[in-house]
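By written order: A, B, C and D. Residues from 1 in each chain.
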Amino acid sequence: MRNEVRFSGFGGQGIILSAVILGRAAVMYDNKFAVQTQVYGPEARGGASMSQVVIDDEQILYPKVSVPDIYVIMSQEGFEKYGASAQESAIMLIDSTLVHSRPKCRCIEIPATREAKLNLKKDIVANIVMLGALVAATHVVSEESLKKAILDSVPKGTEELNLKAMQLGLQLGKQS
Amino acid sequence: MSYDDWFRKDRLPHIFCAGCGNGTIINCTLAAVDQMNWKKEDTIFVSGIGCSSRAPGYILTDSLHTTHGRAIAFATGVKMAKPDFNVVVFTGDGDMAAIGGNHFIHACRRNIDLTVVCMNNQIYGMTGGQGSPTTPRGCLSSTTPAGCNEAPFDLCDLAIAAGANYVSRWTSYHVKELEKAVKVGLETPGFSFIEVLVQCPTAFGRRNKFRQVMDHVEYLRSHSLLKAKRDRLLEKNQPVPEDMFVVGELMKRNRPALGVKP
Amino acid sequence: MKLVIDETRCKGCNLCTKVCPYKIFREGRKLNRKGIAVPELDRPERCTNCRLRNLYGRQLCGVCQLTCPDQAITWIDEEPYEPHKVAIEY
Amino acid sequence: MTRVEFWQGNTACAEGALAAGCTFFGGYPITPSTEVAEHMAAKLPKKGGVFIQMEDEIASMASIIGASWTGARAMTATSGPGFSLMMENIGFAVMTETPCVVVNVQRGGPSTGQPTMSAQGDMMQVRFGSHGDIAIIALCPATVQEMYELTIKAFNLADKYRVPVFLMTDETIGHMREKIIVPDTVERVGRKPFSAGSPPFRVTDKDLIPGFPTFGTGQHVHVTGLTHDERGYPAATHPALHEALVRRLVDKIENARYEMADYDVINPDAEQVFVAYGAPVRTVMQVMHDKKDKNIGFLRIRTVWPFPEKALFAFKNAKRFLVPEMNLGQIAREIERHVCVPVRTIPKLGGELHTPKELVAALEEKP
């Protein structure tokens, strides 16, 4: 089964890293195939940042995302640029702290930034909260794989914080 | 062993014009190299394009005759890949200061352990006498028929400002001093730059009142001002003659260098 | 020691005639096979290097050799070595 | 033991170079190839190699040629504008038969164009960009796995044929992260040994490749970009010698075109045949997978130069060749030279990969 996941937010939120972690979880620990791509360039720095992951049980041929079925949106501009056109069958996880628009498709509101700030005192891990919620809501990769991929990817010394963020995300995702 | 052994004898005589001083500079460089007791197989001569750059073709070592202006960039590759090698670059004023100016200043900045001998004939010799970045104001060349109206580069000042460890200037008349200067350059770790003003009877002299080879050599002799003398003049607040150029060891220092033999 | 000029390399620039402190070179008058007037030696015994190099065991002057752009000037050993008696003109 | 990684194309390229024994990298930052240099900067010194950031791409190319003569496996990586700057020294490498690897992560041109977008616009430049008649080898990966494998192959071909070898990839593959299986050993083919004492550029073998007289081995070889005789000495005004030299430099590559050809022929009986290299391969594969039609053939090329024209003749029933390229039809023109049936270019500019829909539309159009 082919899943196409699109992450968008503003530069500095760790949008690209989220996509890399998700792809890594699928490839390294779920024995699946994944391709991660992203928008490069100056417009992706100050403005809306976007990254996509294709996850499939089979070899991925066409590597680009054509119609995403899962969205993770973490900024209003990101929503407008990369989320507003979501088709109705898609699932969209929205950081409800930062995005006030809502799509036509199924929408899961995760107050990731607020919760990260409240519970972990660090809103920098909001992206990991969103990843946890994403996995809880869609099971696109397993929880265990996500955990390992996060540990592979985050800076040394922040492992515990990031795992807490993931747990928080999983909880929030399961509740919704 | 004398420096004569460093020539590819089957290639001599070389293609330089009668009276061209490039051969003199090759002699002085090889005499200095010979005193270093370097092995031929560990010594690499690199050059770009131009009269000066034909020099490595007459020297019995591995040699790299490259593209216009890029000699120092090629030499950087050789030296960085194999710091054991002794790498000497022959270049000219057009080759090094015009098209290769960027490579030159960056090699000085890196202070990479090369010795660069620049044969400055103040003109493009091989292409037939066009103005170069070191053609003095007022001098005639085939592209400055009314006299050069641009200011020339002071290559030594450039090298010092850019960070070279050793910088000196001599002329093709000062053979003994040049030989010593090259030797010090070879001994100094880091980037060593030796500028040699050289007569070019065919392309420069002919247009600039140095019809006879010796006239030009005599000009180089009489217009070179020893650095020590210049410094004395400055000390005494006396004017330094404007038509003279300073010769001697202009910089010797020991900044951290790149690519030095381990 | 004996100074020799390699006619096959010399291009006739006559720089040697100007740089030698003892003026042992003078401009050539006869053209050789290549059409070059190779400088001639004028009382080469006056050359310090020729006379005294073997005695001191090192190069004594050699400005002509370094200057010669065409690598045409060298010294060869004379066999058997015979010291020359010369009167030096100042 | 192989291992699985989730690598970016550019990382895979750098890792491939490290696995191939690359010991010298001279480069200059340029999007979208910079990650290759960054990865090499981090890893190469730890393996005893040398990374140097040069002042421009001209110097980068020069430095790897210099390094190569010391025996190093040397490489640089760049993109369009930098690639254009390298052209003169690429010709020098061809003339002096210097093995080296140049990675070109292609982006949209001309000029500064689209630094962060994908293109295949340098396919003709790599073949004909340097002045004079040259022959080079160019490889085009379509997956991150191939980025790794073809980089290794590039080093082997460069050493074997004594020629610059180009990894002509594109932003799509260079920037994409994908699953890759990393082998624990790789094949290395070194340079032909030099028999001491013989003239350095004398050729006695049928393959027209002289042995490599590495600097520092006492061969006193003179390397010049001028037309040279077998001793390496300039002989620039000798017409017969020049012709013989240039013909040899071209023939040693062109004569070996089938030996180094690397392509897949899928459905050789088909009437409609896709030909692709680099990123568009992925779209064609998607179309082939979705359609499952034996009447659609596919020639997937990895060695684009020298062009393996024989591969086209494998499709005996071909009525039409369809060539999706991220340019206005550069390799399509090469294909046209060899076949008598129509060649439909499917050009794509703008920096995005062809979509399967676009290829299907071209496939289904009435002739």
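Everything that follows uses one rule, which is that a residue touches a chain if its C-beta (ideal position, glycine included) is under 8 Å from a C-beta of that chain, and two chains touch if they have at least 3 such contacts.
Since this is a predicted model, take the numbers as computed values, not measurements.
Looking at B-D and A-D, the interface holding more C-beta pairs in contact is that of B-D. Each chain gets a centre from the mean of its Cα atoms; for chain A and chain B, those two points are 61 Å apart. The mean-CA centres of chain B and chain D are about 39 angstrom from one another, to the nearest whole unit. Work out the mean CA point of chain A and of chain D, and you get 36 Å between them.
Touching two or more other chains at once is no residue of chain C. Listed for chain B are no residues, as none touches two or more other chains. Along chain A, no residue makes contact with two or more other chains. Viewed as a network of touching protein chains, the structure reduces to a simple linear path. Inter-chain contacts occur between A-D, B-C, B-D. Every residue of chain A that touches chain D in the complex is listed here, in rising order: 20, 23-24, 27-28, 33-41, 60-64, 66. On the side of chain D, the complex with chain A involves touching residues 4-6, 31-32, 115-116, 171-172, 175-179, 279, 282-283, 285-286, 289, 352-353, 355-356.
Chain contact summary for the complex, chain B toward chain D: residues 8, 11, 40-42, 44, 46, 54, 56-57, 60-67, 70, 73-82, 84-85, 102-103, 106.
Put simply, chain C touches chain B in their complex at residues 8-9, 11-15, 18-19, 36, 63, 65-72, 74. Of all residues in chain D, those touching chain B in their complex are 23-24, 26, 50, 52, 54-56, 58-59, 62-72, 74, 88-89, 92, 215-226, 233-234.
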